[in-house]
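Here subunit A shows up in two complexes: once beside subunit B, once beside subunit C.
Let's turn to the complex of A and B:
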């Protein structure tokens, strides 16, 4: 009866291939999300408008201004007078004004000579956008500290993601989301569709074992997810320069486990839902929202209220995203995330056992 | 009459306190067209599900095609065909793909499938529609195709659950011709229907009321027994006493 299993796989593939619209969405959404999160939506701050107020444009001042102007994060607005500062900030034309002390050059020399000094540069920052304010202050301090390097008392080294690229942060999150979407949602909808239309009844009266029907359904979705996985890995490596220093195979095997988990989750939903709409809703409410909110994809888990932190431990995506992030960006091998892998494996087995049991009970 | 294909004794099915099917007993013979009538909620579908091996009886026993319905459900499934009122083929597959799928489900070999498919398409005058998506066929054609596919593996018994509901009279007529043809070939037909004119076409008819079989005989003799003009009258006489509503 191996023959009829293959026929089922073929049938499911035809269902998917003939449904061009869904197929297109499934293949394009991951790419769009990657590009969106990779380039457009980013927590990096670029092109901050910056103005300078200096009583005297000495060589020392020009030198500093030059460095600011050449920095990719800033665009130099121009020199303004002391009285204009408030007006320019309010109008929103500039976000930061750098104010130099009148005797800037002299004091710099003193500092170089080791004589303690009062502050010689003041940053006036528009605090209405917290993100821009925080980022620009940090960047400027970096640039300006270089000027008075002798004063630098500590040095920061950003490991793993020295350029603070937000793409690094989002890629694992997108992977966690996409596979749930494709595997869990689409399998559950396709199983429930057969129940709703009535074809499932005919299959149940036939000699085919129900388990076989379900597994045959999973295979094409598994293949699609696999293609998406390869696509995402290629995109993130070549387009977004995500390092993947932990080894592609580790990332791959953990992702395959996660695919399996998503499929079994879809199976579980299909045993609960009676209509396609219900299956979609359950997928959206029970799977998507927790992935978005509780997986650490967008909001760091450490920042969540304690009760949500506890809740997040039952969200599979949390463990997956965490592990993938470590492997992709920190470059740790698969062995180092054994805890996450074990949890994911246990969850997968649990989902499969429960859903198979429920599936068989249903027949009676 | 000849060999018994379906035999049911004291079959009962309860859902909690509700007795859907109450102690029914009957025999169906080979090559017969057995009409299984009853108002909605009379227990027809429940009884049929038990015969198809989809659900276990609470008590009583029965055999279908020589296999016990409580213990040999899987064997029964190999020897029966099934078609429900809900359209049960895949709309997004072509006629040929649907036939191949069901042939594979019933374990037909490649050569057999090819032979059966060609025969089946020729019989239905469908040969030119082989690569048409089933979804684009008219309903009557779909139902004929569904019946042909339900019998593609030459089952001993075919269960038809209101196969003609919603089909126009001409197509219904053609559909019944197919049923006759299959019955003449030795296939036993077990059919439920709401159309009383169709009940007249059956070899024998059983009428279920409130989970019990209240009448079982040939249409002619039932009409005599109830001194009725038509099966419709017989049915209404019996169904009048029903306690269960729609």
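Let's turn to the complex of A and C:
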């Protein structure tokens, strides 16, 4: 009996190996995406284009402009006229315009003497980009209000990520997104294809037990995803400088569990779907949405409305990304994320059991 | 012309007969538009703060109550030991620790006091820096309030903020155009490719190959249905955006339709080109997945292009969605006109021509 399982695995592997082009694509796609996004994407807002509109360029104005221009978050676009504000904002060349009052210097003196004053600076912000609007207002108010003495009062430390690299936050997210979709896309066609081509009947009348068929279909893909995982971990560490302070083996074994989960999710889709098109659409288009929105990859879980926070607990990527972030960056060991691991394990078992059951139903 | 109409009829019949596909095309955009917008916020709200109060003075209590009153910050714990606060931070229950040094109030007057430490969990770099900024502002405001309590001059009142185009900084309004584009990319990216490869796998493409149908006619007959579907989807999502989220385009609806028509054509043409190069559905899906991920992540839909490194910003020049993101957001929110956006339209037009020409050329009639 063991023998026919092995020959089954061999048959499946041959199927995959024979199609070199698909295999190559399957391996290259996740790795390239990982590197590209790891380097390119930043959820932080910087290089905000800022323009200044001032009736006269006095020393006081120049001083403030100087402070803005030297701030790392802004790039100074130049002085513009009052009438140009709307045009520049609408065209998107500028995100914020700082408008100074006409007698800025004199009023500043009055203010420091304690004389009440009307507003002296107006920030006109392009509210259509909410991210940039929020961040630039906060940073600008900091620059404009905080005098040097106040700034010196604080000592700030950025824990775990002193250089404020977005990659640290993003790499675990991308891993969570790519693994689950890629693996599900790999296995989701496996059983449907047999149905479509008509070889399913042959399988059904063979003496091989369904458990073996299902596992034999998973093993070659598991090997492929194993290779992908190794490449991605190496690249994130050596190329993207993501620390693996929580221990490489912990990260590795949790990721293996996640791969297994994703492959079995794909199998589940495969047993349910009637056509290859349906299977692929479910595993790519339908699953992409919850993974993008409810996993905490880009949009923080704590920002979600209550119901969706509850709903997000059934998204496997949420648990994986959370655990990997803690292990990779905060340096927490595997034991500390036991809750996440247990949930992922339970989900994996559930997916496998349901797909077996669905597969068995086909037999009758 | 007759062959063309017959081919079109065949495409629509196939879509309609496939019960999964036809339901999918209608349900997918509606469901996403209903569910997703409230979820898409990157606002830094709910920053949890722990204060290590070594001073235990009126000032430090004042600071704490101001932190608690701030809409973005919430005070979760106060201790007198740094280690305790650190443990809570490591557990993830707190994002920022503020430590107020001993004798802070007393020394404040002499301005030689020890500094307030702000320790942020910067795993999420954005949250870390924005949170720190909020804290600095809150404390600065508290202190300036304490210093000149008699003076009516509040520093914060000297700077006013005016948010144009989206005065309430409604995140949904900002994200809905992006979401619409994601829907277009997903639907018109995956579906046309699958339909061609589907024909390859079932062998019906050979039947087309032996007929006198020209490459262009065949390609067009694959394109036009998805073009119509794209316009239909635009109608649906605009109605949902209006009824559910009260978002009405500030600019001309005609410009939106024109832009969408060009964009959908571009993406479908791209999708067909990819399909022509692939032999199996899985291959097509993986390659399309690759590009769709790049389109979604790098076109400024979710994260700003300006924050990307120089080389990555150069890559975005060849991503068609980048131009459409600009178009849809500016027309929807800022009321931009065709004349102001002509560069983006020109770019989309060029892409549409290139990809569709490629789709027709790379479709080989000999299998």
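Of note:
Methods note: the second predicted complex is superposed on the first by the 253 of 364 C-alpha atoms of A that agree within 3 Å, B and C clash if a C-alpha of one lies under 4 Å from a C-alpha of the other, contacts with A are read in each partner's own complex, and residues count from 1 in each chain.
Operating definition for what follows: contacts are C-beta pairs under 8 Å (C-beta built on N, C-alpha and C of every residue); 3 or more make two chains touch, one makes a residue touch a chain.
Note that the structure is a prediction, hence the values are computed from the model and not measured.
Applying the stated contact rule after C-alpha superposition, one finds that A:281 touches subunit C and leaves subunit B untouched. Look at A:29: by the touch rule set out above, it reaches subunit C but stays clear of subunit B.
In the overlay built on the shared chain, the residue A:19 is in contact with subunit B and with subunit C. In the superposition on chain A, A:207 makes contact with subunit B only, not with subunit C.
In the superposition on chain A, A:215 makes contact with neither subunit B nor subunit C. Which of subunit B and subunit C touches more residues of subunit A is settled by the count: it is C. Residue contacts after overlaying the shared chain place A:132 against subunit C, while subunit B stays out of touching range.
In the superposition on chain A, A:76 contacts neither subunit B nor subunit C.
When both complexes are overlaid on chain A, the residue A:226 reaches neither subunit B nor subunit C.
Overlaid on A, the two complexes show subunit B and subunit C touching the same residues of subunit A, namely 19.
Residues of subunit B touching subunit A in their complex: 52-56, 74, 77-78, 80, 82-84, 86-90, 92-93, 97, 100-102, 104-107, 159.
Of all the residues in subunit C, the ones that touch subunit A in their complex are 18, 20-21, 24, 28, 32, 35-36, 38-46, 89-90, 92, 111, 113, 115-130, 132-134, 136-137, 139-141, 143-144, 148, 151-153, 155-171, 173-174, 186-187, 190, 194, 198, 201, 279-283, 285-287, 289-290, 293-294, 296-298, 302-304, 306-309, 312, 315, 326, 329-330, 333-336, 340. By the touch criterion given at the top, residues 19, 21-22, 25-26, 29, 32-33, 36-37, 39-49, 86, 89-92, 111, 114-117, 119-135, 137-142, 144-146, 149-162, 164-166, 168-169, 178, 181-182, 185-186, 189, 274-278, 280-281, 284-286, 288-289, 292-294, 298-300, 302-305, 308, 325-326, 329-330, 332 of subunit A touch subunit C in their complex. Against subunit B, in their complex, subunit A makes its touches with residues 1, 3-4, 6-8, 11, 14-15, 18-19, 197-199, 201-208, 363-364.
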